[in-house]
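Letters A, B and C mark the chains in the order given here, with residues in each chain numbered from 1 onward.
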Amino acid sequence: MPIKTSEQPFLTRLAESEKDHFMQAAVAKAQDAQWDKRTAARQDLGNWAQWRELAEQIRQHVVRYLPDYLEEFADNVEARGGHVFFAKTDDEAADYIKQIAIDKGAQHVVKSKSMVTTEIDLDKKLLEIPGMSVLESDLAEFILEEDDFDEPTHIVFPTLHKNRDQIREIFHNKLGYDGDNDPQHLARFARKYLRASFLQADLGVTGCNFAIADSGMINLVTNEGNADLVMAIPKTQVVVMGMERLVPSLKEAEVLDQMLSRSAVGQKLTSYATFAGRQVDGESDGPEDFYVVIVDNGRSNALGGDFESVLQCIRCGACLNVCPVYRHIGGHGYGSIYPGPIGAVLSPVLRGYKEFGDLPFASSLCGACSETCPVKIPLHKLLIKHREVMENQLHMDHSFNNVLMKGIGVATGTPAMFRMAMGVDHAMFGPLSKQAPISTENFINHGGFVKSAPSLAKGWTDVRDLPRPPKHDENFRAWFKKHKSEASRS
Amino acid sequence: MKVAIFSTCIIDLMFPNVGAAMVEVLERFGCETTLPVKQICCGQPTFNSGYVKETQKVMHNEIDALLGVDADYIVGPAGSCVAMLKEYPEHLKDDPEYAAKAQTLADKTYEFSQFVYRILHVLDAGAQLETTATYHRSCHMTRLLGERTAPFELLKHVDGLTMVPLPHLENCCGFGGMFSVKEPEISRQMVDEKVDSVLSTKAEVLISCDQACLMNIVGRFNRRGEHIKVMHLAEVLNSNVDMDRVQYIDDADLVPGGGTYANQNQ
Amino acid sequence: MTEREAFLDSLATAAKRPRHQLKDHPFKPLNDLPDTTLATLNDDDLFALAKTSSEAVHVDFQTTTKATLPQALDAFLTAKEAKTPLLPTSERFSEYGLESWRDQLTPTPSFWVPGAGREANIDTASHADAAIGFADYLLAESGTITIATTPGQGRAFHFLPTHYLAVIKKSAILSRSRQAMYRYEKAFADGSLTTSNINFITGPSNSGDIEMVLIVGVHGPLDMTYLVVTDM
């Protein structure tokens, strides 16, 4: 599927997410578990602040000199006998890979989990070839594929929204599985099924966690080992990578693998971290034909501008795992294959505000994302920056009107207007105010509260009661004046 | 020492009790307070909504107002608003007239609990409150201001007060400024989880250093008909004070705040 | 202009930064944490940490001496009830004194054979129930073995068999992945290593994709044993 996963309006998606109680419970449980694991893994490493600075520096350096690193990497891939293709768009990338499959006469494609292949909608493109089978080999992606390409809801845990009963159902209906819903049994069944498919695969497609510029190798990390089989068995391998995913050498790849593993899954290293390129003389397995497809697809929109730091991302998903909004609306709520804070920043960069303008507003700016990011992307600040671009530069209107917000700007910047506001609000709130029921103490202290307010305050009172403000002569400034005059008398 | 009170618009408009408690506590420990009358708002409502251009005037006004009085420190009863003042130098770095003033302002501004603990060196404010309470940690005070310690240290020393840890302390309450009115569908789910967490502690009182979060959480309590008493930390420290109980702390024994959001383990 | 040049130029234009600046601004790390972390551990500390870390990732961590290595390997094959063991083609059998063990092993092992070709080697490996391989290094911090692919010990050697044991010298225990990278980079540079693939393997294959329940053994081996030869 392309970046956008849903044609439903944002509010419809939110309502659907709220009805999905399993998803909400699963996300909360996953977040809580990862909170402990991730924190422990980072504390165990020690000097976390300094490690983050190093990781940030590596990523910033690569982004700063991106064309040079891409050139170095491409030269080294070609020196090893591989091929490099630069794709400006998703279609260019997918068409090129489809043509490789046709030229090689491939009929059995195996893939390992890759967000960028989802982004360019590669599976659908390959399936246009008559007789072609495309198999996702990551367990979660395999489940989604068998469920008629259901949307992933997390960049590291794509099936977070599915429970074991649903997965059993999918395996039963699509693959004839007749065992129980025990995850171990389900996984063993998938292992056997996928193993048979691996052995007849003639084209392997992988993503790329990091591309090593000075050696022309790519670095992939998994826990299942599926990427290694994709890179071992088929005669041809196609690597699809976002154009920013480079590192200078094995040394920096090693640093980032550590940061990625600890941040994504709370492990010191994932079970498999592999550095691989085209087969060399004497070796039997591994790709004889090695293609790297380097994808822009909107990433260059971020270069040289306010959003450049989003290209530092190493796709660990930690920001999803700490996000209180993601906790409730889940991946589907965002309507992008990149959900959560990173998705709310990245999706509009890649595809614009018309498609994804709602996402930067779907944040309380709590800063948990910026705090956890292992490469120090200031995510919550970039969300504000998106809002600024929409309101100040593009003059887009977001649900309540700009005139009102600009009015607040004038009022909060003009002392005389603010004094007026403090004077009238108690009276103004009078007709709206209710006296009961009051279940709280020391909250509704000035004669009632508002349960249903118009205009800007409606969103507030849709959810919570608003205390009636004090009378002008009972507000804080009046108290302070009186307090000072009493003090001077005594 | 002279302290200018950064009252914040929410205290000015809604909660005189909090402002009064803060002033009384500060004066009790020898501060000479003034309330700059031209101050209004830190600018977050418009800035965080993307109306950055419209916020320039708000920030200018706040700087002029707060620096316009003679004071050694500027102290406010809200971690979030104080964090915004601390970010002024970044927001105004290209403003020839206000860049330097923004830095001056930021350097002398403190959140209330921070000021009491780190500048006044008060460990036990002499307060007494016979109850069971839990504390809501605001996101901006924790992550943007980097203060994770002062309120807890001060609460530990309130006589008679039993503190119960709040589960999921790390999660936002769903306020988020304009977020709460612009995205009520999401905000409601967040605040409901927060209300449930508070209820699970069986605390009688909910305490925080950010009245805006409290307005959100307790407004939801009231809507749901659930019971809770709300207190700003300043009100707690202003309860039944006996100056004989007051204890100070040496500079060397201060527990670090925890750094900025960029320097955490989590 | 080639498609590559056009692409790279377009990036430089978008970034408003000229190309070909890297040679004057090579990457210089702002700290040396990758070198200094765990740097003070002595050999015994490293061994102890390697054991703890390996066991934490569900590895069966065993030790032996060079003299008792054949018995230890036999015990592994017996424990796994191996009927179709897989061995590499490697000069390390002689280094470990395992040539006669190898030649007399029952059940008769199959080998990953240089020059036998992709299909034959993969077919052999996919029918193997237990593989015994030689690892280059063991990383104490994470319990990771590192292995460069060779003609006699291919990529799939480590992934297709059901059970897996890696033989490793105690003197090849390194503190962290950085130390392994230095050695591989040096070997590439001096020509002593030519390979297309380096595996860092940290315990058996696993997944949490179904309700975050940890499942050990998804695509790769179901279990993993590290056998450390303490006097080498």
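The rule is short, and it goes like this: contacts are C-beta pairs under 8 Å (C-beta built on N, C-alpha and C of every residue); 3 or more make two chains touch, one makes a residue touch a chain.
All values derive from a computational prediction rather than experimental measurement.
Chain centres were defined as the mean of their Cα atoms; on that basis the chain farthest from chain B turns out to be C. Chain A has the Cα centre that lies closest to the mean of all protein Cα atoms in view.
Centre-to-centre separation between chain A and chain C, using Cα means, comes to 31 Å.
Per-chain Cα centroids separate chain B from chain C by 53 Å. Contact of a single residue of chain B with at least two other chains is seen at no position. Residues 5, 7, 9, 11-20, 23, 35, 37-41, 43, 45-55, 57-58, 60-61, 65, 139-140, 143-144, 168, 170-172, 174-177, 179-191, 193, 214-216, 218-231, 235, 259, 261-266 of chain B are the ones that touch chain A when the two sit in their complex. Within the complex formed with chain B, the chain A residues making contact are 11, 14-15, 18, 32, 35, 38-39, 42-43, 48-49, 52, 322, 324-325, 327-329, 361-368, 370-372, 376, 384, 386-392, 398-400, 405-406, 408-415, 418, 421-422, 425, 437-445, 449, 451, 456-460, 462-467, 469-470, 474-480, 483.
Within the complex, the chain C residues that touch chain A are 3-4, 7-12, 14-17, 19-23, 25-27, 29-31, 33-34, 37, 53, 57, 112-118, 120-122, 126, 141-144, 149-151, 154-156, 158-160, 177-178, 180-182, 184-185, 188, 194-213, 215, 217-220. Chain A contributes residues 26, 29-30, 33, 45-47, 50-51, 53-54, 57-58, 61, 64-72, 74, 80, 84-86, 88, 137-140, 143, 157-160, 162-164, 167, 183-184, 186-188, 190-191, 194-195, 198-199, 215, 217, 223-226, 228-229, 231-233, 235, 243, 248-255, 257-258, 265, 267-286, 294, 296, 300-301, 303-304, 308 to its touches with chain C in the complex.
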